[in-house]
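Labels A, B, C and D are assigned to the chains in the order they are written; within every chain, residues are numbered from 1.
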Amino acid sequence: MKPVNLIEYEPLAQARVEADAWDYYQGGSDDEVTLRANRSAFERIRLRPRVLIDASKIDTRTTVLGAPISMPIMIAPMACHVFAHPEAECATARAAGQEETLMAVSTVANRTIEEIAEVAGGPLWFQLYTNENPRVSERLVQRADAAGYRAVILTVDTPRLGRRERDIRNQFKLEARSLLANFQEAVADEPTFSRHVTDTWETVDWLRTVTKLPLLLKGILTAEDALLAVERGVEGIIVSNHGGRQLDGSLAAIEALPEIAEAVAGRCEIYLDGGVRRGTDVLKALALGARAIFIGRPILWGLAVDGQEGARHILQLLRNELEVAMGLSGCPTLAGINRSLVKIL
Amino acid sequence: MKPVNLIEYEPLAQARVEADAWDYYQGGSDDEVTLRANRSAFERIRLRPRVLIDASKIDTRTTVLGAPISMPIMIAPMACHVFAHPEAECATARAAGQEETLMAVSTVANRTIEEIAEVAGGPLWFQLYTNENPRVSERLVQRADAAGYRAVILTVDTPRLGRRERDIRNQFKLEARSLLANFQEAVADEPTFSRHVTDTWETVDWLRTVTKLPLLLKGILTAEDALLAVERGVEGIIVSNHGGRQLDGSLAAIEALPEIAEAVAGRCEIYLDGGVRRGTDVLKALALGARAIFIGRPILWGLAVDGQEGARHILQLLRNELEVAMGLSGCPTLAGINRSLVKIL
Amino acid sequence: MKPVNLIEYEPLAQARVEADAWDYYQGGSDDEVTLRANRSAFERIRLRPRVLIDASKIDTRTTVLGAPISMPIMIAPMACHVFAHPEAECATARAAGQEETLMAVSTVANRTIEEIAEVAGGPLWFQLYTNENPRVSERLVQRADAAGYRAVILTVDTPRLGRRERDIRNQFKLEARSLLANFQEAVADEPTFSRHVTDTWETVDWLRTVTKLPLLLKGILTAEDALLAVERGVEGIIVSNHGGRQLDGSLAAIEALPEIAEAVAGRCEIYLDGGVRRGTDVLKALALGARAIFIGRPILWGLAVDGQEGARHILQLLRNELEVAMGLSGCPTLAGINRSLVKIL
Amino acid sequence: MKPVNLIEYEPLAQARVEADAWDYYQGGSDDEVTLRANRSAFERIRLRPRVLIDASKIDTRTTVLGAPISMPIMIAPMACHVFAHPEAECATARAAGQEETLMAVSTVANRTIEEIAEVAGGPLWFQLYTNENPRVSERLVQRADAAGYRAVILTVDTPRLGRRERDIRNQFKLEARSLLANFQEAVADEPTFSRHVTDTWETVDWLRTVTKLPLLLKGILTAEDALLAVERGVEGIIVSNHGGRQLDGSLAAIEALPEIAEAVAGRCEIYLDGGVRRGTDVLKALALGARAIFIGRPILWGLAVDGQEGARHILQLLRNELEVAMGLSGCPTLAGINRSLVKIL
């Protein structure tokens, strides 16, 4: 029997992924406190469903930066889908397209920006890790623009790599373990992915000079930084702690969301990334101010179990759960979801 | 030795009920967070007993919508008692009658409205799931009225079925698994139970045109909806999350009760349904504003273990526990129970 | 090696006491929620020790209702010490005397009021369960007075027995299981212990007409009742939930203490009974307003393990722990202990 | 493979240390509630990392009482390093020197004040347990001064020893188990370490007359005592509960820090000692007002596993974790760390 929820995919996927890659996918930093908090924080939020509202027709459609998607559930940027399936990001992109939603493509994908764009049926955003050589970053962004990506996501929570102890013990190196496709082009002077970044708010300004694509910042966890982002005019903020893989002990994503939503007050779009496993989690995130959420590891679980179809099934399951949750909470449209839908214990 | 409390009935019942039906009875939706919360929320409420009050004579009698019952403990509407015992709802109704309390009869019972009425010794309320064909609903209500039921309970938390994963895995279908007695009559055009409902507040108004019976709404969890219900003039509100079977993550019933009691401020009767297993739970619910409570699954446990006598024993045990709790808290009558009896941690 | 703390006595005692009597000693009512809360509530209280105060000489002496005792630790009234040791209450009373503290003697002791008084070296208080025949109660109180008891404790939390399910399952009956010594005298008309009591505040007034002994109420858990007690002029209040044996779900004793101490504001003495196992627990209770505490079950553990010497060792261990705790918190005398010593989490 | 964090050293060390000495190192008092709270309290503090700050160059350097150290991580005073390694405190001191940080040397070291000073590469502070004979205390302090120690730490939380039950069961006596080096000199009249102390605030004044070294108080847990310390003009406060070894149930060190930092308001330096195991713990302590932290037991673990190199590795691991944490939280210098970096749940 097919899994009936996202969580059931986890052990099935583990049986199919090599141990060190599985640790890389699943692990968090240090004691994995934040990794666990991303989930447990949802349990301290109660839903306050409303009744006797005609919810026979559920409409999950929305737009993100103007791009229509069929539901407020998008695929988070994640490195190296190839550990899950040989078709890697191309399979994931096709799944996203089938479900008419957006995929964010990682700088460190195993397929090139262009290969993914070619097979994607839905909108794409490009996630950027900057390079110490700005020309490398510029080139990546311009390739994304040329390939039809709709926005650039600058990851701001990774000035250095978090202490992922599973990877340290496994001596796991992403670059050595698989082909980082976007760094294989025959550009003599800067072919290599580099981790050494010194991004500042000036990087944001510089990015504006390189591309006209909308700009999102991923990894903001405080109202203070959200306000700075709004002042810089970014189009979107992704509230995220990098799946618990960077600073251990930092706020759970859903814990940080309320103060950010209040500070931003509608001046840019806000998305949540971190710990979503259930349709009711999506509902909670939307109630607390997210326009849409990103789903990460479960997509890789689906991909590992059944390739494109598995990734697609993950999206289908979560969509179905969201529809049920919207129906049962008296919110047939996303517009009806607001802060009064939740009570934080 | 006979069980000394409700909880001891649970494993005894499990041994007597078929596995898929047991899952149907016991299960909640999704991760069963709300199912568990219905119980655990009671543990965060402390009792503040008063002393040196003559409680040698305990009086548990009360009325619900004017109907006298011997105690503020009623039988919740539940589908398909036949999985527990061949005499099904008729056994339950006789047990309720013996203990002089009220039974709420489900639309999806295994015995007809009329059959149950015939054997019931206590007052009955009819729980309505509306049908996409309003004539079916109308007919059910009118049959209930004709059979002497005292009120109609409109379930408002089930615009669609919750995601009960045990049932999904078991491929459990209520309609296929047993006879839904109220849908067997020889009416050519609408013989079938349908899940597809689009109830709104207009449904409430429409029901008023169909019957003069008092009307209760079951499944309200917010002060906002309680106020709307009061404005519509309903006679009663049943605070319930459908035993944790509909929207997972929603408030525990006892968590929702205080805000509803405060909002309603006595303008209609309020009952609690969800998680009651002890006489002290009844006391806590009454202190927080309920006029009476409904007991659900334990009745089916008693029924499974010993038919009518088992269901009756459940009621007797809970009555006895309530009497002891009233005696030990200095509340010989229900009128003496108020908010100062509890402290929420 | 001798046990180093009270807790280590528990398994040793269990091995020496018959199973049904052990259950009677150890058990609480219903789900034993309050029994556990009596302990766990202490863990939510943090100590705020003060430093650089000369605490080389610790003075634990105090008085209770004017009677000097060597430490603010007294023996709670408990039924039937004979299950622990054949010398029963006489052994306990000698142990209390050796440690120069007070013992409260239960109505349902296995030795008579007079026998215990004969061997006791310290002050005694008499705990009274009233009888449906007031002459029986009167006779008990007058015997206590004649035998030199210093006060009467009226237990007010037992208008009926709590639902102790261990005893129900064991079909345990105190009266049948051992000799209730105080009800063996050759008074033709009222020789029997009765449970049927209807105590009210009038009982308190009536007791005043029967004896000039100071009067304490045991089993108060609310500020409201503490105020009523003060108005009636009682000399002392024992904050207690009867060791978790009466109303399950009621406040832990230490949880109830602050509101009672605030309400009483010094107008009578307050003692705590419930869950004390450590010297730091005594300190917390005193900081929150108790003048002294009662220790219950551990005395029976000591008695079971080593008779009089075991009970005495329990007192010695707890005294030693209290002295260490006073020394380490900068409170060489009891007078220095106040509310600022604790922080409730 | 070498351990990747401090925690991994714990079982390795246990295999190398004799059982009774291990219990001495690891144990806390009574139920070890405070021992555990020292760790668990950190988990209730969330980090609020800031982004887009150039943190490519991390500077962990600071000063403590004017002495430069390479990082805000110092070695806590601990008795008898010899149980971990035969080179005892000399190995530890060399490790501290290699990592350019400070070591606090215990009165009850296994190497003399002078031996340790001879090999130490970094600054030293001398921790003083006073003696009932003030001349012994005076002599110790003057030896420390002569040997180049930079300050005296007066431990104020040990007017008597905490009830460490592991040691009671093991009949463990520090003096009998190893050589307390500082008490071996041929001074006829006071050669013996004594536990009997009666320190008061006058002891602080007296110490001033004995030495011109800066003075710190170790073991303060309340704002009240911190204010008294400031009034006495102490140069520093070490917030500590003695590793959970003195008054069980007292505040966790990190729980006490905020009220102390607020009360002191910069008038002396504040350090935290207790429960630090992670670089993020250091960050939390600094955010809540500590200038630097002390690390205790893990140093002994490192020492047990690999002598000087092991102790040094502990410091290196924690330094590296701190650098990563500073980088990931947008705090390249210690000056940038403040209260807004944390949220206490």
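By definition in this document, a contact is a pair of C-beta atoms (placed from the backbone, for glycine too) under 8 Å apart; a residue touches a chain by one contact, two chains touch by 3 or more.
Just so we're clear, the structure is a prediction, and the values are computed from it rather than from any experiment.
Student: Please compute the angle of the rotation superposing chain A on chain D (C-alpha atoms), rounded to a multiple of 5 degrees.
Tutor: Superposing the C-alpha atoms of chain A on chain D needs a rotation of 90 degrees.
Student: With centres defined by CA atoms only, which chain is the most remote from chain A?
Tutor: Result for max centroid distance from chain A is chain C.
Student: Find the geometric centre of each of chain B and chain C from their Cα atoms only, then give the gap between the two centres in Å, rounded to an integer.
Tutor: Centre-to-centre distance between chain B and chain C: 43 Å.
Student: With chain centres taken as the means of their Cα atoms, state the distance from chain A to chain C in Å.
Tutor: 60
Student: Please list all residues of chain B that touch 2 or more other chains.
Tutor: Residues of chain B touching two or more partner chains: there are none.
Student: Which word fits how the chains touch one another: line, ring, star, complete or other?
Tutor: Drawn as a graph, the chains make one closed cycle, so a ring.
Student: What are all the touching pairs of chains?
Tutor: All touching pairs, sorted by chain label, are A-B, A-D, B-C, C-D.
Student: With touch defined as at the start, can you tell me which chain D residues reach chain A in the complex?
Tutor: 1, 4-5, 42-43, 45-56, 278, 280, 284, 321, 324-325, 327-329, 340, 343
Student: Can you check the complex and tell me which residues of chain B touch chain A?
Tutor: 30-31, 33, 37, 156-157, 159-160, 162-163, 165, 168-169, 196-201, 203-204, 217, 219-222, 224-225, 228, 246-252, 255-256
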